[in-house]
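Below you will find the structure I want to go over with you.
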Amino acid sequence: MTTTIATQLALTILISGSLFALSAVGFTLVYRVTKIMHVAHGVVVLGSGYAFWWALQRGASASFAVAFTIAVALAMGWCIHTFVYERLRTRGKIAITMSLVATVALLVLGQNILLALFGSSTRVVSFSKQLSSADIHTLIVGVSLVSIIFLGMFLRWSRLGKRMRAVADNSIAAEVVGIDSARVRLSAILLSAVMGGIVGILYAMEFNLDPSMGSEIAIRSFSRVLIGGAGSLPGAIFGSFLIEGVEDVGAFFYSDGLKSVFSFVIVFLFLLLRPRGLFGRKIRKEDL
Amino acid sequence: MLQITNLHAGYEQLQILFGVNCEAKFNEITLLIGPNGAGKSTVLKSIFNLVDIYDGQIRVDRREITKIPTYECIQHGLAYVPQGRPIFPNLNVRENIELGGLLLGRSLLHERVEYVFHEFPVLALKAKKPARSLSGGQQQMVVLARALMPSPKLLLLDEPSLGLSPVMMQGIFEKLVELKKQGIGTLLVEQNAKAASAIADKIYLLENGQVVLSGGREILAHEKIKRVHLGGV
Amino acid sequence: MLSPYILNLIVLIAIYGILAMALSFVIGHGGVLQFGHVALFGVGAYASAILTTTYSFSFSIGFLGAMAFGGIGACMLGMLIRRVRGDFMALTTFFFAFAFYALVLNVPELTRGALGIPAIARPSIVMSLPSYAIASVVTLVVVYLLLTRILHSPFGLVMGAMRDDELGARVLGKNTAHVQRVALVLSGMIAGLAGALYAHYIGFIDPSSFYLGDLVIIVAAVVIGGLGSLPGSVIGIAIYFLIPEVLRFINIPTETFGAVRQIIFITVLLLIILVRPKGILGKVLLDT
């Protein structure tokens, strides 16, 4: 009896954990390269989920729906970057407070646009004919983990990946050495948008869509990032599973609603005692 | 030759340079000295468009490069090493150095990395280590090595001796002389005028954003310099 | 005299105007990135509602309780942000708002969770709409005068110095931590008061009035009105409540009304951030 509950719990942690790990990773990539707390990532994810649902609704095949969703995600990322984020920079430096207000504003704006377009009732993507629940779960875990690994390798070995890491470390030195940091920033947001699109698709398959989920997704991704350490990719992943564990175990023993309260308590504890998270570097005066 | 004509530059409202004229030949070591706040670093930053340029021209061999985007500057044979050893801390030494050779094709890249490791053997030993784990002197070597990757004609160095021991500083200066023999000139900004002047072919004294004195090493005998910069250490 | 419709607008503009001024006080003048403000509004509303309905205390106790709890909430928030700066401070306060929402939702014994608290009575002296309108406007003016007085006092000068250069202010011997705390608590008490005014006006409160959307609106009003200007914040709020007047002339399906209004206001916010960050009447720019 207890083993089945334990496995059930472990599965939930694995599934939600990997999904939100991918989301947290997408956010972290943007934060490291552009220094912007990309809260609006939540709406890229949610918007993608809706795009996926909408395409399927219109009778598109699964593969077309996926391609369409990724295109929509890229478009969202491009717009956010070009019309807002890049315009908040003077000489490469970013206005921190304003960028935070702007990114949260984008999140709420996006949610309201989704609300206006799709209404407030919940939307469900149903694959029950083609895929069993177990299939979907495997897909989620598999795709998320493969994506994360791919990203890791990309950043480590590819030319663009190294440039992203250079810009993340010191964007002025990167420019001096010949790296067009504006293009690198754009690439980072687009890459993160693709990941957000993937998360959106997987999310739509497993959970229900409603416009207010954007902020939930943002907050949940966020807590994981903060706990893991805001600049750290492995931290984001570890943080995700850790928080997921806390939330699900807590939900099991207490009540589902208190789920988020638990993670908030942990986040606050970290912010109070160890603001840089588990793997983050000491927060210094970064070279913006 | 790098030519700066009538340069007026600063940070937004704050003007630092008021009509600076100077030249740096590719086969020479040119030294910029002057008190703190005189604008020496600003001159280098202007070349790479890192500050606001209000007026004036910057030319490389007659080609005008004033205000071109920072990342395009290396295409004109210039390599800039800003103050403070700006390594990429989370990348390893080899990756740091390789990033200097973005314009190079694969085989040329390998060649240059070999050349650089030959010039700085210590770095070859530490190739796989994250750059932030190196000592100050070694980090300075990393940024210098990185700057040398694209076979520049002129190095722009901003106070390379800062925070280094006298021995290390001497080492850097000797390196610059070696590089001059290889055909790589340097435009050097230094606080420590005395040590740097030993290797300089041309010296400019900057005060309050203007060139007040220039010439070969003979100007070291000038009252101004002796009094202010060479007195003491 | 004035129609109920206009009186209603006046009350809402007054209440949210008070809330916005409190926020402007703390951000625009004190430089504290307080994105959890809406939680203090909620604390006040719930405190007064619970005290007067569940516990049948008098209205005076209700209002005083609202202010007290608002202050206490601000105090707790102050402790949370003591160790963090810049965007992390903003993030922490942001989480605070979410934590409050999660808490209210999940402590139904006290707050009735998502159902909200109905039948909140009005004090008899302000039972009628016109009288409530007068009372709200009077409170608005009193709060304005109070805050202005404080801003012109030595305390206010230290706040300004703190906003512009916190380290510099500390070096000069000003106890910035103390000033920050006091400013926060004061803004919390005012927010609590606004909450009580809100609760007894609408007669019904539920968690959804104190969440992300409202937070962004209040911050937007402060930024649009201009940082560093108290009247500016009230103007920002007025603009928000007057948008429906503009929408009358455009054919918008009623279900999307709310969403469209948010979309318009947030777009204005983004335009202001990108084009004229000082806002309408603002004198101050953060991030310098």
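Chains here go by letter, A, B and C, matching the order in which they are written, and residues are numbered from 1 within each.
We take it that a contact is a pair of C-beta atoms (placed from the backbone, for glycine too) under 8 Å apart; a residue touches a chain by one contact, two chains touch by 3 or more.
In this text, all values refer to a predicted model and were calculated from it rather than measured experimentally.
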item	value
Given chain A and chain B, the chains that contact each of them	none
Most centrally placed chain, judged by C-alpha centres	A
Farthest-lying chain, centroid of Cα atoms versus that of chain B	C
Intercentroid distance (Cα basis), chain B paired with chain A, Å	41
Centre-to-centre distance between chain C and chain B (centres being mean Cα positions), rounded to whole Å	53
CA centroid of chain A to CA centroid of chain C, Å	30
Where chain B touches two or more other chains at once, by residue number	none
Residues of chain C defined as touching chain A within the complex	33, 35, 79-80, 83-88, 90-92, 94-95, 98-99, 102-103, 105-106, 113, 212-213, 216, 219-220, 223, 255-256, 258-260, 262-263, 266-267, 269-270, 273-274, 277, 286-287
Sites on chain A touched by chain C in the complex	37, 84, 87-88, 95-98, 100-102, 104-109, 111-113, 115-116, 119, 215, 219, 222-223, 226, 230, 255, 257-258, 260-261, 264-265, 267-268, 271-272, 275, 283
Residue ranges of chain A in contact with chain B within the complex	91, 162-163, 165-166, 168-170, 172-181, 287
Residue numbers on chain B that touch chain A, as the complex places them	48, 50, 69-75, 80, 82, 86-91, 95, 98-100, 102-103, 146, 150
